[in-house]
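I'd like to ask you about the structure that follows.
Think of it as A, B, C and D in the order they're written, each chain with its own count starting at 1.
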Amino acid sequence: MLEELKKKVYKANMELPKYGLVTFTWGNVSEIDPETKLVVIKPSGVDYDKLTAEDMVVVDLDGKKIEGKYNPSSDTSTHIELYKSFPDIRGIVHTHSPWATSWAQAGRGIPCYGTTHADYMYGEIPCVRNLTQEEIEEAYEKNTGLLIADYFKDKDYMAMPAVLCKNHGPFTWGKDGLEAVHHAVVLEEVAKMAARCEMLNPQNIPAPQELQDKHYYRKHGENAYYGQK
Amino acid sequence: MLEELKKKVYKANMELPKYGLVTFTWGNVSEIDPETKLVVIKPSGVDYDKLTAEDMVVVDLDGKKIEGKYNPSSDTSTHIELYKSFPDIRGIVHTHSPWATSWAQAGRGIPCYGTTHADYMYGEIPCVRNLTQEEIEEAYEKNTGLLIADYFKDKDYMAMPAVLCKNHGPFTWGKDGLEAVHHAVVLEEVAKMAARCEMLNPQNIPAPQELQDKHYYRKHGENAYYGQK
Amino acid sequence: MLEELKKKVYKANMELPKYGLVTFTWGNVSEIDPETKLVVIKPSGVDYDKLTAEDMVVVDLDGKKIEGKYNPSSDTSTHIELYKSFPDIRGIVHTHSPWATSWAQAGRGIPCYGTTHADYMYGEIPCVRNLTQEEIEEAYEKNTGLLIADYFKDKDYMAMPAVLCKNHGPFTWGKDGLEAVHHAVVLEEVAKMAARCEMLNPQNIPAPQELQDKHYYRKHGENAYYGQK
Amino acid sequence: MLEELKKKVYKANMELPKYGLVTFTWGNVSEIDPETKLVVIKPSGVDYDKLTAEDMVVVDLDGKKIEGKYNPSSDTSTHIELYKSFPDIRGIVHTHSPWATSWAQAGRGIPCYGTTHADYMYGEIPCVRNLTQEEIEEAYEKNTGLLIADYFKDKDYMAMPAVLCKNHGPFTWGKDGLEAVHHAVVLEEVAKMAARCEMLNPQNIPAPQELQDKHYYRKHGENAYYGQK
């Protein structure tokens, strides 16, 4: 069942340790099948060096396990809410990557200080608030997804494929699992350089809007000219 | 004698350089055998790349060497006092891992700024005071253990499996040597991210208690649901 | 066509990931052929681990593609302007290397705090201003090159083979592509150490001029005595 | 001639890139032969990945080349002055290792904030002043050695096997080349942790003297008990 997608999701998961984004089991990648609306996701708490494609878990959009010998990631409900709210995405990543998590722990969004950021993400990377005690107790992971979805309800989630959850860490997404991983790597690099540039210039301000626009639109949209067609 | 345990302790020791927690010989792992109450520990000052399972040293809870061609770690007396005071643990690690040691050198405990920390350790990771000149001269390593034990005498040492010794470095523990190493890795990651998030927000405050509780108890205790059963 | 030069440029490009200067496709190396005035450059957006020498693109000094199955780097026009203004160079590198980019994002030149810097670069590494909206819209990449060339019009570009573009990142150059890469590595090390030394001493001032002179001229010019003749 | 010593010095040099202490050719190790008073040292500006034992250069204590196809390190005169002033050492290392060099660029000695430092080096690691213009012009490298020797003339250079030269970088020494490299690694770790602990606690003070004494003397002198006898 969904064997090709399981292989894809397995490979995308294995990119996380390769890029230094996860320690132990602190991360997960999922991808949704557009036909069946089933989601393939990493099992919870299984070590990356023991993981196989067959270990991937299949769940439906109600969070019910459809196939798999393991429990799905404990963050599965967050992924599901994002798939339900963001119809144009097919892949989601969660990590505790150190620089992005440091911004999340500081409760701050990441200003766009340069073109590395603007090449992929349009504007400040947001940091959403803590859940209330009631929201945590009622349904922590699902409400995390709803909070993110609510933040983006009047925004372009394809132009900002990343969010920080306060005191927790980042989620990123994309047109498939691999692109979501790609965005997680970009986020970590951008988070690192933004922290260092504030250290070098505590009064730093974001890059001029026209420079942000130039870089974002030379890679995105109909007038893009970066890369190969 | 205790050949299986020696292999386990050897393997746990070799995880320290693998995870970048030790330079040269600056670390050690021990594990206690619950039947005989004998402790297997790394020999003092032997390079990791020359270490073998047979080099492990066996001592009793009086600190007497029972078997081994080498002297045991110079920190053996600290390990012994912890085993005597913490009956539920079987493994102990000491390192000079750079971020945790930087907090110890700064004389500060590590506030719980996020869920990475709360997933493993409940509350602020404590930093215990310097020993007095008298305590140092009388029995430095043993008194280090007694000081840590005294700090935890009315606390849950299983919910806080780590401590910093001021101007020195960290000790961690767990249900065996490998789990103690696991906690040493977590500590280093948490120490790194806490330092960076204070740099990003000098007025930072700890994560809300309900979020700390949620993450700690989704991995620990009878209602835990993280991972596989 | 220019097969030897393509191999050289390919090899120089592959040094960028080896030295940790690029993530994904965030960098490029070019070299000019002094006879034909043709420039060989990395194709735009092609992954380093799929790159081959045959993928290199040949362009002329008007920016016209002369040979190659791919589009040239989107930064090609910047390279071309530098070759036109700096007749003594044959190689150019652009990266988003993290420390140098952090200084660029902070909008600051890098003071010469020590001999590591003075060994290769004479004086403060400059950070040129943002382009105006008009300059960006008219011809972003070409105007970036013109801005750099204008900054150096009365300066010795061989004694300062590096520049930071505000909110963007660094360009470096040299007598061939490999030397330009060498300078990109030096720049990253120097940028890292300058940031850290300001952290250690916020009132830090540049190294004494006579020390800068000693180190620069023991490696450059007719009285140089570093290395082998 | 001195073939065994050349191999030792070659191996000690190769430890520098292994421990991440050098970029390109920015470092060198020498060792003196106690019988002949000849010094074996790395050639100047030769890449580490092309270096062989036969490339090592032999010089006498007047700085005259006795054997070798290459020029000796440009820092040879500094090494020679140290050998002449420090009769108990046989090995010397110079690097531009990033953390130690950052302290040197900041013009600050490294306070002893913890036991990692005290285990190897007794007290604050000194940072000696800049040479004057006259000293630089007369004999830069030789006067660097004389300045260091003068600083230590009434101090125990075996208990403090490291020094920082302002706006330049560190020298370390030891009973042979390998021990001098060992001290260069310790210095870099200690420099890193001291910088970070000041970031965490800007009012930080050195470790209590009795703790420094305990750690230094448990590894050095007649009452040492660390390691194997």
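Rule of thumb we're sticking to: contacts are C-beta pairs under 8 Å (C-beta built on N, C-alpha and C of every residue); 3 or more make two chains touch, one makes a residue touch a chain.
Predicted model, so just to flag it, every value in this text is computed and none were measured.
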| item | value |
| --- | --- |
| Required steps from subunit B to subunit C (each step between touching chains, minimum) | 2 |
| Equivalent interface positions on subunit B and subunit D, same or different at half | different |
| C-alpha-based rotation, subunit C on subunit D, 0 to 180 degrees, nearest 5 | 90 |
| From subunit C, the most remote chain by mean C-alpha position | B |
| Between subunit A and subunit C, centroid-to-centroid distance (C-alpha), Å | 33 |
| Touching two or more other chains - residues of subunit C | 198-199 |
| Contact pairs between chains, per stated definition | A-B, A-C, B-D, C-D |
| Residue ranges of subunit D touching subunit C (in the complex, touch as defined) | 23-26, 43-46, 70-71, 74, 96, 98-99, 101-108, 130-131, 133, 136-137, 140, 167-169, 195, 198-199 |
| Contacting residues of subunit A [partner subunit C, same complex] | 113-116, 182, 185-186, 189, 192-194, 196-201, 204, 207-208, 210-211, 214, 218, 225-229 |
